[in-house]
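Chain lettering (A, B and C) follows the sequence in which the chains are written, and residue indices restart at 1 in each chain.
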Amino acid sequence: MAFDKLLKFFAPKDTIFQPLFVKVAENLTAISKLLILTISENDTEKRQVHIVAIKDLEHEGDRLTYELYKNLIDTFITPFDREDIHQLASTMDDVADYINKTAQRIELYKPKRMMPAYITIAGMILEASKHIELAIKELEQVKNPEIVNNACDAVREIESKTDKLYHESIIEIFRDEKDAVELIKNKEILEALEKTTDKTKNVSKVIKTVLVKMV
Amino acid sequence: MAFDKLLKFFAPKDTIFQPLFVKVAENLTAISKLLILTISENDTEKRQVHIVAIKDLEHEGDRLTYELYKNLIDTFITPFDREDIHQLASTMDDVADYINKTAQRIELYKPKRMMPAYITIAGMILEASKHIELAIKELEQVKNPEIVNNACDAVREIESKTDKLYHESIIEIFRDEKDAVELIKNKEILEALEKTTDKTKNVSKVIKTVLVKMV
Amino acid sequence: MAFDKLLKFFAPKDTIFQPLFVKVAENLTAISKLLILTISENDTEKRQVHIVAIKDLEHEGDRLTYELYKNLIDTFITPFDREDIHQLASTMDDVADYINKTAQRIELYKPKRMMPAYITIAGMILEASKHIELAIKELEQVKNPEIVNNACDAVREIESKTDKLYHESIIEIFRDEKDAVELIKNKEILEALEKTTDKTKNVSKVIKTVLVKMV
C-alpha cells in the first residue's frame, strides 16, 4: 500500500475538514446512544426527553454539515476530492436524519408495544456508528489503512444482518398483527430503522471510495 | 457586500437562464394557487378540473427544466456555476412534483374529509413559492442582496412552522382516526404536503449557496 | 447528424465501459423476466425460487456497477463524460433495485391475491428493459442514432402507460378493498412496480442527455 499517498489524505495542515468530520462522527455515536435510550424507555414522558435530545443533536449535525459545505466553498485546496468531501458530509448527515426520523415516528405514532427487533437494530446502528467514528479518526493518523477498511467492512456486515432481521420482523407483523393501525406504526418504525443502517452503509461506501483513490 | 460580484450573477447578457428561472418560479406560484383551490373544493368533479390543471402546469415545469438543462449543455459560459444552475432547476422541479403528488393522492384516495391542516399547509406552500419567486426576480436586478437573503429565511421559517403543524396533525389522526383506511389516506396526503415544504427549503438552500459564493 | 462525433461515443478502444454496460443491460432484462415469473407463480415455495434468483441478479448488478465506478476512478480517458457514465450506471442500478424491492414486498407481505395489474406492469417493465438493452447495444455500433432515440421514446411511453394503470389500480383498491391490511400490501406492491418504471424512464433520460451532447 502506498502509505506516502495516504499521508496526503488529511495533510498535517488540514485543520479544517478533519476536525469537523471527527465532530460529525462523534455526534453520530452520541445520537445512536440516545436512540437506544428512547426505545428502552417505556415511560412516554421520560422518553420524550431523549427524543428532544436526538432532535438537538440532529440540528448540531446540520450545523456541522453546513460548516463543512461552507469551508468547501471557501477553501481552494482540500485534503481530498471536493466531491468526496461533499458525499461524506452528506451521507453522514443522512444517518443522523434517519435516526431522528425513527425517533419522530416513535413520538408521533406512540406504538402500543415496542418490538424486540427495535432495540436489536438500534444496537446495531450504534455499533455501525462506532465503526464509522473509528474509520474517520484513523484517516487522521493514517498509520494503518487496514483498520479503515475493516471498519467499513464491519458496517456493511451490520447492515446485512439488520436487513435480515428487518425482513423477519416485517413478515412477523404482517402475519400476527391484526390491528391495521398498529401494523402501520410498527412497519414504518421498522422501515426507518432499516433505512438508518442503509445510510451507514452509504457512509462506508464513500470512505471506501476515498481509500481506493489513495492506494 | 461585493455588489460588483453580484452584478455578474445574472450578467446583462444572460438572456437565457434568468428568464427561464423566472418562468419556473411563476409556474410554482401558479401551481401553489391551484393546490389551494383543489383542497378548498368539496365537489369532486369541480376539484378534478384543478387537479388536471396542476398536472398540466407540472408538465410545463418539466418542459422548462428540460430547456434549462439543454441550455446548460449548449452554453459555454453560464451566469453562475453550472452545478448550481442544475441544482436550482432540479430543486424547483421537485416542488412542482410534490404539489402534483399531493393533488394526485387527493384524486386517488378520495379522503372522506379534508383535514383543516391541509388548507393551512397549502397556504404556507403558496407563501413559500411567492418568496422563492421574489428571490429569483431579485437576483435579476441585484440591487439588494438582503431581499434575496430575507426571502430565503422566510422560506425556512415557513418550513419549520409547517413541520410543527404536520407533527400535530399526525398525532391527531393516530389518536382519533379509528378507520385504518382513512388514516392511511390522511397520513399520506399530509406527508406529501410536508415534503413539498421540505422541497421549498431545498430551493432556498441552493439560492443561499449561490449568494454565499458571490459576496 | 454528426456521425463522426457519435463514432467517438464508444471508441473502438473502449473495451472497458461498453461491455460492462451491455452486461448490466442484459442483467436488467433477465431480472425483469424473473419478476414476471414471480408474479405469475401462485405456489409460494416455487415463487420463492424466483425471488431468490432476483436477489442474486440484483447482487450481480451491484457488482457490475461497482466495477464501472472502479474503472471510472482508474481510467483517465473515458468514452464519454464521467458524470454521464456515473449517472447511467447509477440509474440502471436503480431499476434492478426496484425490481428486487417489488419482489421483496411480495415475499414479505404475501398478499392474498395478486392484482391483474401486477402482471401487466411487470410485462411493461420487461418491454422497457428490452428497449434499454437495445439502446445500450446500439450505442456500441453507432450506425443509427435514431434507433437509440426511438428506444428511449418507447421507454417514456411505457412509463406513461404504466402510470395510468397504476392510478386506476390505486383508485380500485381504495374503493373496493375493505381489508386495510390487504390494502396496504397491494398499495405498496403497486408503488414499487410503478417506481420501477419511473427508474427505467430515468435511464432513458440519461441516454438522451448523452445523445444530445454528441449530435
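Just so we're on the same page, a residue touches a chain if its C-beta (ideal position, glycine included) is under 8 Å from a C-beta of that chain, and two chains touch if they have at least 3 such contacts.
Values in this document were obtained by computation on a predicted structure and should not be read as measured data.
A rotation of 120 degrees, rounded to a multiple of 5, brings the CA atoms of chain B into register with those of chain C.
Different-residue interface: chain A and chain B share under half of the residue numbers found at their contact.
Taking each chain's centre as the average of its CA atoms, chain A and chain B sit 29 Å apart. Touching two or more other chains at once are residues 180, 184 of chain B. Residue ranges of chain A in contact with chain C, taken from their complex: 167, 170-171, 174, 180, 183-184, 187, 209, 212-213. Those residues of chain B lying in contact with chain C across their complex are 69-70, 73, 104, 108-110, 180-181, 184-185.
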